[in-house]
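Everything below concerns the one structure shown next.
The letters A, B, C and D name the chains in turn, as written, and every chain counts its residues from 1.
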Amino acid sequence: MSFNTFGHLFRVTTFGESHGPAIGCVIDGCPPRIPLREADIQPYLDRRRPGQSRYTTQRQEPDTVRIISGVFIDEITGAQVTTGTPIALVIDNLDQRSKDYSAIKDKYRPGHADLTYDIKYGLRDYRGGGRQSARETAMRVAAGAVARKIVPDLKIRGALVQMGPHRVDRARWDWDEVDKNPFFCPDAKLAAMLGDYLDDLRKKGSSIGAVIEVVAEGVPPGLGAPIYGKLDGDLAAALMGINAVKGVEIGAGFRAAELSGEENGDEMRIGNDGKLRFLSNNAGGILGGISTGQPVVARFAVKPTSSILTPRRTVDRYGHETEISTTGRHDPCVGIRAVPIGEAMVACVIADHYLRQRGQVGDTPAWPFAPPAR
Amino acid sequence: MSFNTFGHLFRVTTFGESHGPAIGCVIDGCPPRIPLREADIQPYLDRRRPGQSRYTTQRQEPDTVRIISGVFIDEITGAQVTTGTPIALVIDNLDQRSKDYSAIKDKYRPGHADLTYDIKYGLRDYRGGGRQSARETAMRVAAGAVARKIVPDLKIRGALVQMGPHRVDRARWDWDEVDKNPFFCPDAKLAAMLGDYLDDLRKKGSSIGAVIEVVAEGVPPGLGAPIYGKLDGDLAAALMGINAVKGVEIGAGFRAAELSGEENGDEMRIGNDGKLRFLSNNAGGILGGISTGQPVVARFAVKPTSSILTPRRTVDRYGHETEISTTGRHDPCVGIRAVPIGEAMVACVIADHYLRQRGQVGDTPAWPFAPPAR
Amino acid sequence: MSFNTFGHLFRVTTFGESHGPAIGCVIDGCPPRIPLREADIQPYLDRRRPGQSRYTTQRQEPDTVRIISGVFIDEITGAQVTTGTPIALVIDNLDQRSKDYSAIKDKYRPGHADLTYDIKYGLRDYRGGGRQSARETAMRVAAGAVARKIVPDLKIRGALVQMGPHRVDRARWDWDEVDKNPFFCPDAKLAAMLGDYLDDLRKKGSSIGAVIEVVAEGVPPGLGAPIYGKLDGDLAAALMGINAVKGVEIGAGFRAAELSGEENGDEMRIGNDGKLRFLSNNAGGILGGISTGQPVVARFAVKPTSSILTPRRTVDRYGHETEISTTGRHDPCVGIRAVPIGEAMVACVIADHYLRQRGQVGDTPAWPFAPPAR
Amino acid sequence: MSFNTFGHLFRVTTFGESHGPAIGCVIDGCPPRIPLREADIQPYLDRRRPGQSRYTTQRQEPDTVRIISGVFIDEITGAQVTTGTPIALVIDNLDQRSKDYSAIKDKYRPGHADLTYDIKYGLRDYRGGGRQSARETAMRVAAGAVARKIVPDLKIRGALVQMGPHRVDRARWDWDEVDKNPFFCPDAKLAAMLGDYLDDLRKKGSSIGAVIEVVAEGVPPGLGAPIYGKLDGDLAAALMGINAVKGVEIGAGFRAAELSGEENGDEMRIGNDGKLRFLSNNAGGILGGISTGQPVVARFAVKPTSSILTPRRTVDRYGHETEISTTGRHDPCVGIRAVPIGEAMVACVIADHYLRQRGQVGDTPAWPFAPPAR
């Protein structure tokens, strides 16, 4: 994870600003001969795409992805596949609404990176947030779509589990509900009330935070590197690195602070199939930074959108006290669209560790129970 | 963060197992001409050292650090200083109590990395936890002591803010209390009762989780790299990578999910000194992955020790169901000793980003208010 | 240097194939507030551009570069400058001549990467060489143009010093000649005869190798990291990584094997200006992997183009013996166009080490003679 | 390759100065379950060890290596094997001859890194060369011994092919001769005269350069990453990064500049075994940065020792002109002991790329001729 690249063997570098001509990414280190077409990526982008409901920004972007490099027709199968060379993906920016930025270009929105980009670099592209715009996350979603194809049988799903004070009732959890409401909410009853809740917030010119949960099934046991390359360490970096995220937890997470050793440790038995079976999953599928084979469960907290209509006290870049009120197109709850982004980041981390494990160890040992060949 | 190295310009690589001859680390990329003696490092190790109270493991290790390389006498000042070449630090393992491991070497403690090391590598050093032992963290503390010397005026302090159901009362927070009790607890009243609480747990052969808070003051504004090298992303990786950590949050953290945009965004004013002043610090000193100049505030949750006396259901490495009960020397609350470790990881991340910022941008621009030279 | 990215702080990632829609690169870690327009890059691309003389491939590509991201108008100076975020550069491929590849798609040109891409990845984009095409080097030249702007007073020039058996006479070296002939040859007399020499080769359907020399003046002393991050080590990787390069040397290079210690070591005196002065430059400006302040001198050998008209014995990808003869548009001496590419790689390495040095040490110490502040 | 670490998946970090208590390295990313004892490493160190003939420095160091971490007994086989965690190797410095450094500590030897360490860092450990001492290379040799065990059937051998004006006659090349003379010379006739040649140089207080050739057989085809992670690029960095090396070449190397395309491209046929067969090896086993399966052939030039008895003109660190004459224990031809070092660096690079290839592609495709499964 350095600068604008993440990953060690499966490496993603993104570029582009909100109001430049395009955004894009370069995926390096992808295995060859993996079938890949735009149609494999587009559905994930469509889930993240703005303007799909009145609960997200009204910017109209088709977010049509183009594969610029790294694929070719495999003459034996006739399929378009990856070649092992860098896969460049590009999405053109179409709806860079021409607009007068004079009201905001010299002021810092409280809670926004406006300020810190100016501090760090001495200037910033203030048009639509420039590089710090959530628009960059479209490329994460695109890269995640490629990552998902690398690990066989990997299934990654995310859901909004809290918005403001409202939490899902896990007894009502239904993955099928997630795509039936504009909130990615697995609890139909909660979803039914979130619309009114958000409409009310939007009318008040306010915004609200959220918590997202991502569950990865089919993660091979043994992924993760000890100490500083831990699977959970890399997941934490990947999820905390999503815009507006302020907290990350794995499995029992912060609740683990209240558990006793007896409550926390997931006991083990042998299933009827002779395989290892856990009696619980407080570990969230990771022990010692290495995957256990249980589902990997990660959760992250997203702060409320900083761009709100309500006037706030701030300063301008010349040292004067002032007020700011943001009138642009913004998500009242950026947490909603963070669902596909979180899924994508988890996919990229798992794909990277899948290749790293194959590099260091070769095929994952069948251990325990069936010792690897010596 | 890869394998056993972390950092990009300030790079730390650790090695060693709990019951091998020694543990150590190599610090690469440290600036030259920084005064450095063992005496600069030892006090931090002494804070983390086991066996100092009956609330931590009774393993007796003086943890005396030796500097093997990377320092020399500066003839002009007469001080021993860093040379810019790799600083190797070594701590000999002295109390590798000779012991019969037959009861545990083939069984997996629930909640412990015993299992996953076996899965990943096909074998593991089971003596005292081997590489996954908390002993490795001594080297993080040592590296952190060096990191603290790199950033002028940096002050990093940590405290235990929760143990099981017991939380500090922030109205009673007193940093001076932290070093007056064996729990690094800033709330004297809470500290007074934690002794009995832990004694009771220990007698029951149980253990408990905790939450640690680390506050870094004097962090220059502008540290952090956008998108995938964010300061909070790297902090999340560093803290989640500490043994037994299951959650990390910055500033308001998970509470941000319940905040409105008005509540969350930290308003700004100009102080009497003409400098930027924030009216709150929900951001935890970081916006858009870049430091604001406010104190950086990070919190992490530590799960309870997995090595407990209470028998638990588990399996052995040959596929048989069995039970396990751990009788060795273990901390009933590993969260306690996580305080100096958390401080150290924060120090390493900030030092690394301090050098990265100096590399990319040179001296941090005085912006805002006093524009950088062009 | 990993996969398709090079550099540590100044990082360049390239993408694209010869006959895809475009080639491009992402430059990450560039300092902010550096004036940058397409016009700063284009002249370097024009020097490398094919089709400018009958001695290089006749592919017609304007190679017009577009800056997609990472620049903005600095309101204080009015100049377009870098913002510190990723700079994406794109060149569209226009002259992807529609062609029948059936004669070559299953055969391996001797001396060409056709074979090894197939071995490594199990397939390859055979259209115009795909990813292994020299076309990729346009992006190196573009990145080099940006790199040149980072280090103040840096001046990098390259020249062809040998083609086949013909070597420049160093007594006739004139940098001004380099841009006056299509061979980048500093020896006017040699340049005058190379045209006929190459015409003859081209008529015979043959090709020839070359040696290129790159000289970097204004390299600050102190650049380079000891042991594995040496300036000469990184230069060697960068130059050896140019297509068709088979050898790299610094300063006296291979001739150093024949020198005695007295002949080789560059003696030092104090100049009239009180500054360090060397009596020779066998070191090529680098001692112990660190720049001395003298000009950095690197040389590299380029093998002859593998794509020749003369039929050669080879095999096809199905295991049959066959012959191959390449009729496409190819440079009879790829070494010629390697001159601007070599310059660019040297620029990228020096810019990267300039930032790394600033990161680790801050401003280069004035030492020797004026000790740095302690 | 950054700072004091090299490698991407097989990573080696070294530390230690010539006259400190010890030198060492940490090998990270080594596959688990590889048999490894000190006895696997020691023979390689013994080949590099000083003081074995009168043609190398008379420093007496047994160079006994100790494995500090990363190995354990595999209970199934009973062998000591790697565990997949960091392997720390340490060699104590025993013969740090107490000595008066006042004659040299403030002066710069022409051709030596004395100067540049002072420039870069503002101070240096002048005792025996400190970090820039050839002593550091012992750890490269140790790491190389581990690397050799990773790639099945890999055989790496080096030889001195030139010393001053004297070159081996390749018609007399006999690998068995290499270990029969103190020069690692494969040409018995040449070896017989080098002793007198060196004695004469030593008496004159002079030194001489050399060229070393390393040949790696059994390198699997398909190793290397395109563009910036090329196998030859990484070899060039690794070999150029050895102390005193000024040039590196692969296969035909600089001679390729004089070859025509017909002469250079290695033609291919199908052997009686149905396998690919090359009719020559100008490529040195690498095409497009990827191994072909032919022996990898690398050559590097080593400059003469800078520490010579003959007085040279130089300056001191306070800006005064002076003379220097080095009287310590030094190799008259450092090229001799560069042979095992060069072998080791080649081994490390190949092991790293072996793991990288396994990570990205899995088992190397059988292609060409037997297409990989799709």
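Rule of thumb we're sticking to: a contact is a pair of C-beta atoms (placed from the backbone, for glycine too) under 8 Å apart; a residue touches a chain by one contact, two chains touch by 3 or more.
Source: prediction; values computed, not measured.
In this assembly, the chain whose C-alpha centre lies farthest from chain A is D. Looking at B-D alongside A-B, one finds more C-beta pairs in contact between the chains of A-B. Distance between chain centres (mean CA atoms), chain A to chain D: 44 Å. Averaged Cα coordinates give chain B a centre that lies 38 Å from the centre of chain D. If you average the CA atoms of chain A and of chain B, the two centres end up 26 Å from each other. Within chain B, contacts with two or more other chains are made by residues 2-5, 8, 14, 29, 32-33, 74, 84-85, 120-122, 131, 226, 361, 371-372. Residue ranges on chain C touching chain D, taken from their complex, read 1-6, 8, 12, 14, 108-113, 115-122, 131-132, 136, 162-165, 201, 206-211, 221-230, 232-241, 243, 245-270, 274, 276, 279, 282-284, 286-293, 301-308, 310, 312-321, 335, 357, 361, 364-365, 367-369, 371-372.
Per the touch definition, chain A reaches chain C in the complex via residues 2-5, 11, 13-17, 20-24, 26, 28-29, 32-33, 66, 68-70, 72, 74-75, 81, 83-88, 120-125, 130-131.
Within the complex, the chain D residues that touch chain A are 8-9, 29-33, 74, 76-77, 84-85, 226, 355-356, 358-362, 371-372, 374.
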